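These notes concern the structure reproduced below.
Think of it as A, B, C, D, E and F in the order they're written, each chain with its own count starting at 1.
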């Protein structure tokens, strides 16, 4: 049983950390500390309750996504992207499909694009729900978290109707969606649009203008625009610092140019700004969902690309040609061109990029994920330097570091 | 709304004015309705655990809503999510810090067997380092399945002798994991 | 709006034949350079008055084991927000001499990305402040993303490869 | 020997024992805890003397606040056994002499004091109560009381000033 | 002290003890239920009807859990911590007047453990000691999180005691008595102190939240920062004692709040009820039933405040440490002193005017 | 840095006097929570009340038989190839004479095993099956396991029981789509209601 060698758990030794005065204490935050949500370790040097320096250890759930991706046919990689940023897996899935479609040169019909937008924006809402309500939990207000979690449950019901799973959705296919939006799903989305705002407003009332919460978050873990750019911030965290960079606006994909929405920005990139930006993004996402569901175009939900998109099942049972295509696609023997693609989508945490190198084989030759939280989490020691332990924890949870995305 | 199943009184000898039951059963029952979990949530399954704690599924109905992040206070180690080899010593450490009686639940494919992550960096199931009582399949399991797993642990707790932890079999099990 | 043409011409003018291999796969300006010139090139792009390519989007490595003498390629993706212009820069390295200067002086974000690249491929970034493994355990003695190493965990018990023809 | 007297002896025994333990304990935390116990037994004595107010205030102020701060400081310093400075014989002898002298002085002082015997006729049961204490303090001993309060105020201001000193903002 | 009196006293103290314990025990259940209801869920409902056996299940589990003392901990103090916490929590209930008197065979038995003329000081003294359990336990655990929690608890309690004491002085100036029984009987009928001391009440309740380590002042044990705070290393019944002590403290402070500000067992129209009962059932039974109604009213008030504690806990976020200290020292203490000044002025100048006007 | 004309400043850090006084915000919060205290509870009493999981939910696996009770699976191996977790393994076998009432095609799976702990319930096997053989049930989960050796399910657990057949409203996405359209027009009525209140 216990034949595998367990290596001792690594804590940076005293000598590796910078020379410090004797009075400082070392506090090991994580990997099982309740506030680290996902799993990473922060070794904090503290002077009383003040943080002098920090050092992170990550990789506690490193799963070798990029290595697996080199052994899996294109359509199976959705199961990996699902598990990357698991709070908003549809965005990852769609981003991956769009990358492959870009490589293959498939034009996806308008209806499929709108359905994708719907799913991505719902995913963004769930992602921000989790981040903001967890920030509430970390300040001690647990109840608001459970109120908005009920709404997240409704979004999951919608996913379930669309694809059959809640969290790891495996949604969409190369060339479109795997099935059309059902009338139940449409009904549920419409219900959600109606029932979500009151609950979100309740969360806002519980936290936004509550002085305890404001005192806890204002000027906690701020980051300047220059440092944020240097650290590779994207998404809500960069917008909180005041730079309105949003991939959906700058490089519209999947018909985002059709929708009218605003890009919320904050003032100095502190925890309150990040919270408020995410809060407003939920409203904007809701606006996009509303527009998309009301203007959902008629038409097919998949591209006319028989060699890449699985043929309808009835055809497979009857038609030899369809059966051959079916076999080819499932075996992964599609004729992908060689080439390299970089495609970025606005993920829950920022620019989620896919750098795909194909050599024409059944699997990517190399697939690299540009994972926003991996890149911006390295700014954490700088952000929490000089603040207290409580502030450091709020900074961490407002950055919304998702361990699956961090470690890949 | 259907009638909620309430725990029945343990089998015992009831007579005029007295009701006796064996201590084992009474304490087993008490333990099973007071399983404080230590949510060792590393990835996706942790998010589903949040849903299990949430209003719709409400794990508190079983008396387990108090998450004990300190292993000393926990009765049930819920390992949710991928355990990489870098993490494995930590899991074992947490398990060792827990006080008896302790139960372990491997939630989801990754914790139970490695799931799709058959890679150099992922531990192929936590049962290689610590003994597991209940495996919950699914990736991630639905909250219903997590509750099923919890109910299975309750069943184990109820049907376990008070001093099972001193038995030879249990000691042997621990020895096979190099735990003393 | 910045065009690929404009940037390519500007770079050729400045760096001459130190930049080569211009391509435009899917509209993204791609070019190669040598490891001596990668830092000046990025600095030039970053400090350029009008281009303002100030954002390091991504940094990663790729291995081409069959391409003798140029087994490894380090790929940089840069982005200019003002012009919404992206550029990809490649530097080829040989397996015998896996060294490249670090970009941490230019972009703070390069720190972990370079550590990750080192962790995966063993590419050494000279001058990096803390070049240690980041995702894998420190004791690991190989670089797992290289093509010659297997993906699978050797200790698994419930899978038989023969059944899948893999 | 009635119950009150036996209780007195018991309390006195406990007081002296815990006071000795304060001195003897090696662990500073233990010392502090024994000191708290001493305060408790002293409060017991106050109650026996029918000075309930004093007893309560003794617990609130000494046991409840001052000793907490003592404990606080000791915990912060987190003394370790090996860091304890070595006590030379000279210091030990000096300490013994000083302690002995104090004891002799006290003993000498008390030996001369005539303690009024208990007289049920003249005994005022309210003597230790708040009203009489208040009258006493604010009429007969008003000046010393006010002086003491000014002294405390000055000490407090001084403590705040000392405590506020931080790097970069020196006040004096 | 004759034997009957001794027995009666013992019985009263025992009853007070048991009542406190049972209420604290069911407070844990109520906490979970209230949390559930506030959060749109049903809370424990499997262990017994509505989860009523939940406290027993928890207690049963904790008693039979492995008793663990960390290797590097200071053994004696590690055990002393929870014991002290429990002891000090239990002590305070002795002087709370639960009702007026019960007449048994001509004797008037007060429904109060000990009638003391320094009742309020006693409570204050015991509360001041409450912090030792936490400090000793936290220090003895030999864990950084525990130590941080203990230090936070100690400084928080000391700081808020000051404001609490100052806010009480206003009440004492009005009642000119330190006896809780006396303070209650002065609030006869609807003459509650809350109408004269709203500011004092707000200060007092804020401080009592801090003294009980409840949200928004639960920094010594806040989960997201310090794991379990001072009780991180505690398991089994020792942890149970800590948690239990917290609930006892909560009940005690609720009881004190209702005694000091909400008239204890007094309720509007109590004279009318009393007269009716005495007329209908005779002086002894009638009096006793009237007293019991008063006691029920008292428990109602106290339990409402227990509920209020929970309600607040599940509503608002917690403070940061320095903010908490600022609130205590820079806001509450000046406010309390201001309150004393106002009360003093009112007692000196306003009261004679009003009394004269009323007469 | 202004990049678009759509940006909007959302963070207001100035507190009004009422916000400074703590109490109004706390009172608002208390009002919200007490409203929920008396509101209807959304909890599903799970083991007693089960939720309808939608027609396409991906639950436990089943190997379908056809109407005459013959196994549909022809052991083509597509599901095993499509499985990203490599949880499916099978051994194909030729159908012997006299077994026509057991197996539908000439080839069948003598051994068909799914490792339930490896499986990630992604549904790719169902999508890959060209013979309508593998499905993921929408009404049942895989139960929890207590031993590691129970987790590999063979044909005894996977193949459909003819006395208790698994039916669902639509078997393929196209059928689901058609049925859904019918339901939207009010033609189909057999809608299983959700169990939640």
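Convention: contacts are C-beta pairs under 8 Å (C-beta built on N, C-alpha and C of every residue); 3 or more make two chains touch, one makes a residue touch a chain.
None of the values given here were measured: they were computed from a predicted structure.
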| item | value |
| --- | --- |
| Starting at chain D, fewest touch steps before arriving at chain F | 2 |
| Touching both chain D and chain E (chains) | none |
| Chain-chain pair with the highest tally of contacting C-beta pairs | A-F |
| Chain B-chain C separation of Cα centroids, rounded to whole Å | 45 |
| Chain A-chain F separation of Cα centroids, rounded to whole Å | 23 |
| Interchain centroid distance [CA atoms averaged], chain A/chain D, Å | 63 |
| Gap in Å, rounded to a whole number, between the CA centres of chain F and chain E | 51 |
| Sites on chain A at which at least two other chains make contact | 4, 7, 10, 33-34, 59, 62, 64, 67-68, 79-80, 82, 143, 146-147, 150, 168, 206, 210, 212, 243, 245, 250, 407 |
| Junction residues of chain E - those touching two or more other chains | 35-36, 38-42, 223, 227, 314-316 |
| Sites on chain D at which at least two other chains make contact | none |
| Inter-chain touch pairs (all) | A-B, A-C, A-E, A-F, B-C, B-E, B-F, C-F, D-E, E-F |
| Of chain C, residues touching chain B in the complex | 135-137, 144, 149-153, 155-159 |
| Contacting residues of chain F [partner chain C, same complex] | 1, 3, 80-81, 86, 89-91, 115, 117-118, 151-152 |
| Of all residues in chain B, those that touch chain C in their complex | 85-86, 113-114, 118-122, 124, 128 |
| Contact footprint of chain E on chain F as seen in their complex | 23, 26, 29-30, 32-34, 36-37, 39, 41-43, 45 |
| For the chain E and chain A complex, residues of the former touching the latter | 35, 38-41, 144, 148, 215-216, 218, 222-225, 227, 314-323 |
